[in-house]
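Each of the next two complexes has subunit A plus one other chain: subunit B in the first, subunit C in the second.
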Partner chain A sequence: MNFFSKYLWIALTAARSNMAYIGEVSSRFIFLGVILYIFMRLWQVTYHETSASQLGGLTLTQMMWYLTITEAISLSATKVAQEVDEDVRNGTLAVQLTKPISYVLYRLATSLGERTIIFSMNLLIGAIIANTMVGSTPLSLAGLLLLACTLPLAFLLDFLGNFIIGLAAFWLEDTSGLALIYSRITWILGGLLIPLELFPYWLQPLVKALPFASMIYGPAKIFVAPDINNFVEIISRQIMASLAFSICLIILYRIALRRVFANGG
Partner chain B sequence: MMINKLCNYLNLAKEYVRLNMLAQLEYKGAFAAQIIGMVINDGTWLSFWCLFFSRFPALRGWDVKDVITMWAVAAAGFGLAYGICGNALRLPGLIAKGQLDAWMLYPPALLPHLLFGKMVATCWGDALFGIGIYIIFVRPDIAHLALFLVLVLSTAILFVGFGILCGSLGFYLGNSQGLSQQWHDATITFSTYPATLFDGSIKLILFTLIPAGFISFCPVEALRQFSWQFTLASFAGAVIFLILGTVIFYHGLSRYESGNLMEMRG
Partner chain C sequence: MIPAVELKNLKKEFVVLKRKGLWREKSTVVAVDDVTFSVGKGDSVAFIGPNGAGKSTTIKMLTGILHPTAGSASVLGFCPWKERSQLARQIGAVFGQRSQLWYHLPPKDTFELLARIYNLDLRDFTKRRDMLIERFALSAFLSTPVRKLSLGQRMRAEVAASLLHKPEALFLDEPTIGLDVVARQELRDLIREWNRDEGLTVFLTSHDAGDIEHVAKRVIVINHGRVVIDNQVSVMKRSFLGTKIIHIKFHEEPSLTSLEEMHGVSVAHASAYILKLEVDTEKTAIEKTIHAVLAAGPVADITIEDPPLEKVISHIYAQGLQTTNLDQGRGISEI
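Take a look at the complex of A and B:
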């Protein structure tokens, strides 16, 4: 088995495991339905009260589809930080290090496998809900293709951020607070609840440059408003942020491994 | 007689809170981290509304202060409810696993002992957040602050009553953890958005099946208009759900089957 195929196999196994518990996963759809309905009312009322056909460059239909994508991305997040934290505390990490696979790549493959399935299901259900609520669907092949190109890097970036937080278990008593703070910062600065174009004008350049925008806002915006220049900009930011996060992870991981103690028995 | 009984239950609640708090304070660092984490979590939503109202100053007559009031009432009410009656959130699991046995050994009545038995530590973060943002951002006078605290109490009663009602589904449906959770979460989600967004049948649902209207609408209107009618409406909704939850709990209890579970309890 070559280098890539073993991690592909791990990702496929994680995806298949999620398919086996599809009933459990489907309970998320109720929440997705509730939140999309509330957002639809919020933005319907806002568009109506401002008498605007576009807000932040998006029509009401585009806004609903933007929120469908952002919620599908957010609700597909896996518990990487929590799993790494547990592996550090209960010694699973030390056991994993003896196996002929990289622990980081094993976690990455598992996370991507799970997330692909959950995101696909979220998107399917979200699409049905959004289509029912706002009627016509602005689906375009270009939008779908550009979304498909930006999503893997968005998932990778989120994985790297969460993995770094999980590694903090080597030094901290409890990383759940840190993981919560990270996820909430991602929500707000990533444009989960409100597109970045509706942020105060002075804040927009800053939030667009931060890596959080590449995780949620970028893929959702490129889907509802496909544009090749915007796509190149998003991909460039994703690659830069992934490189920066990867370097941090490698340094932190090497330091952390020096603190691993394994006792026989 | 009635007053004596009420005082006894209040003393019982006070003792349980004291004991649960002492247990939490054994792990001071983790307790503080959970509370700070919850304050940051709630702060995220406040940031969203501040961003929203920085672009759109009003939403069907509600401004940013009204939405902050809504969040303050909901968060403080939720925090007070489950900071004291934490087991109301765990009821479906306790019923499904047959873990009510231990609570049945206590002197009657069962429900207060069961509810007070656990504390959800993060809820004190919600309570602090709610009261804090109301004082800092809304800057109420003494009368409004007093009314706010009364409405937090009514919201807490509603959350406890609704928690018992959702949890008691377990007596009838077996393992109802998923359904109870979804029902409860839907109420919390709706209660953190202005009820003025919704019309028609959805509004009716928000005062019946998903009683978020008694959290997000009546208390905010009571504080906006300093209205005793809306205050009474908030309390009426809370008391109805508490009575409904209690009646359904005791009715369902007759169907309860012991899990014959052996466990050590600290």
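Take a look at the complex of A and C:
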């Protein structure tokens, strides 16, 4: 119990720390509002011009809410790769090792604590915009519940990917390029702006099987089109990807710890 | 006395890659070379050396962050690199340039978090926290976000935070760096007080001679990975340089001719009635110099001092450097 309570407390402290400067990060919410408005107008024009009632199996209203969720998820991403990179370079990682906590779990708890707050704020703003523009049609209890079940694993998976990139600081001079490429791939292959059903048919099975789909597309799709079979499939993929990423992380972390050099004399 | 820290023939080598044209060549750098010493429980030790001497590497091995290449170490009965998490509950660490306090939150929130991290009993924690707040005079800024604190206030909170879980030994890595004179003195007093009153073992690294003089009783100097001096601060200061500083105030202008002719005596400063002499006691006995001073003119006041610790330290570092120049390449062997 103590084991979990310490990490829960770290997550709560991180959330509180994030709330302390919520005013300073409000620009993020303005950005979210602008982006959502632009893409919603684009989708409205697309549906109107094609005269289609559904695109990729989603109605215009569903598409708007899909976009709301994907944007809320991707814009809530914390700077895990950058923080791990800095911790490696400035020796904070070494300092953390003098405490009776796991550095990986410490970073995970911090990231989840911060992300929960930012995601909640993003969702609130996105929901207001979507509701104003297209109404609340796909909002259902089942959708909300299934979203709540898939989100933690989506956040975990994204954390693991970013942590691995941050650890690359042990070998690379600069990991920011790698982190940027990773985040853009996640956006494109994760279905941030376009649901994966609108990808070419031959590409869809591959893209859906990749871990990026489990981070963004999966939770958003299950929210706008709740379906238990789809839910089981998404959760299974998330668990499998999380296990694979965790194994990679553990191996890399062990190798990396042997490379902890002493900074300074 | 039971040792709190014990090192036996500790050695740490790093493999570094050097670019040579298109190829990379591996070479081994010896950061810590056959270091042996022990620190008794309740001792206060300054562990000093120039940049790159191996201080941080040694501290990182003692706190379990780094594995040594050879040798053994025991800190409070634990092997640091094998029993890091058990040891972490018994030691505290303060790094002057890295904070453990949450930047956007007040210190009291970090204290609450540390209570959970160290699994402290909440009643014991409250008592301990209140006592630390009083002793470190934290109450005025306990609820102020850390980003709004002065460096002196922050460092007091840092040290208090590292003492919350009642550690038996405290490792301090340049705790007074960047502090003003008053804040520096306050922090030194607090650490010394804790060492004296609570029996806390203090292991300090610093480049500030004042920290060493005020906090530590013993000093271990490391240079190029090896211990070059291990002695009491007072002994090192008294005996290492073999020089004395004499300040003299005369009633009338003195005649300096005989003093200037003395072997091993040099005039460091001279004005109308004031004279400062540096005496190499190995060349000229101090009493002989005093006789010459009294003969030079009517003395109003006289004080004899040891050279400042800073000077002693720079002398030791310079000596280490000379040795290395003669023995270039030691510590680096090509594979």
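Convention: the second predicted complex is superposed on the first by the 258 of 265 C-alpha atoms of A that agree within 3 Å, B and C clash if a C-alpha of one lies under 4 Å from a C-alpha of the other, contacts with A are read in each partner's own complex, and residues count from 1 in each chain.
Following the convention adopted for this analysis, a contact is a pair of C-beta atoms (placed from the backbone, for glycine too) under 8 Å apart; a residue touches a chain by one contact, two chains touch by 3 or more.
Please read all numbers here as calculations on a predicted model, not as lab measurements.
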Which superposed partner A:I30 touches (first subunit B, second subunit C, both, neither): first
Touched partner set for A:A20, first subunit B, second subunit C, both or neither: second
First (subunit B), second (subunit C), both or neither touched by A:R258: second
Touching partner for A:T46 - first (subunit B), second (subunit C), both, neither: first
Subunit B versus subunit C as contact partner of A:R184, first or second or both or neither: first
Which of subunit B and subunit C A:I250 touches, first, second, both or neither: neither
Touched partner set for A:L206, first subunit B, second subunit C, both or neither: neither
Touched partner set for A:A142, first subunit B, second subunit C, both or neither: neither
Contact residues of subunit A, present in both the subunit B and the subunit C interface: none
Interface residues, subunit A side, partner subunit C - complex: 2, 5-6, 9-10, 13, 16-18, 20-21, 90-92, 94-95, 97-101, 258, 260-265
Residues of subunit B defined as touching subunit A within the complex: 29-30, 33-34, 36-37, 40-41, 43-44, 47-48, 51-52, 54-56, 58-60, 178, 181-182, 185-186, 189-190, 193, 197-198
Touching residues (chain side subunit A, partner subunit B) in the complex: 24, 27, 30-31, 34-35, 38, 41-42, 45-46, 49-50, 173-174, 176-177, 180-181, 184-185, 187-188, 193-194, 198-200
Residues of subunit C touching subunit A in the complex: 14, 31, 49-57, 60, 63-67, 84-85, 88-89, 91, 93, 95, 98, 100, 102-105, 109-110, 112-113, 116-119, 145, 171
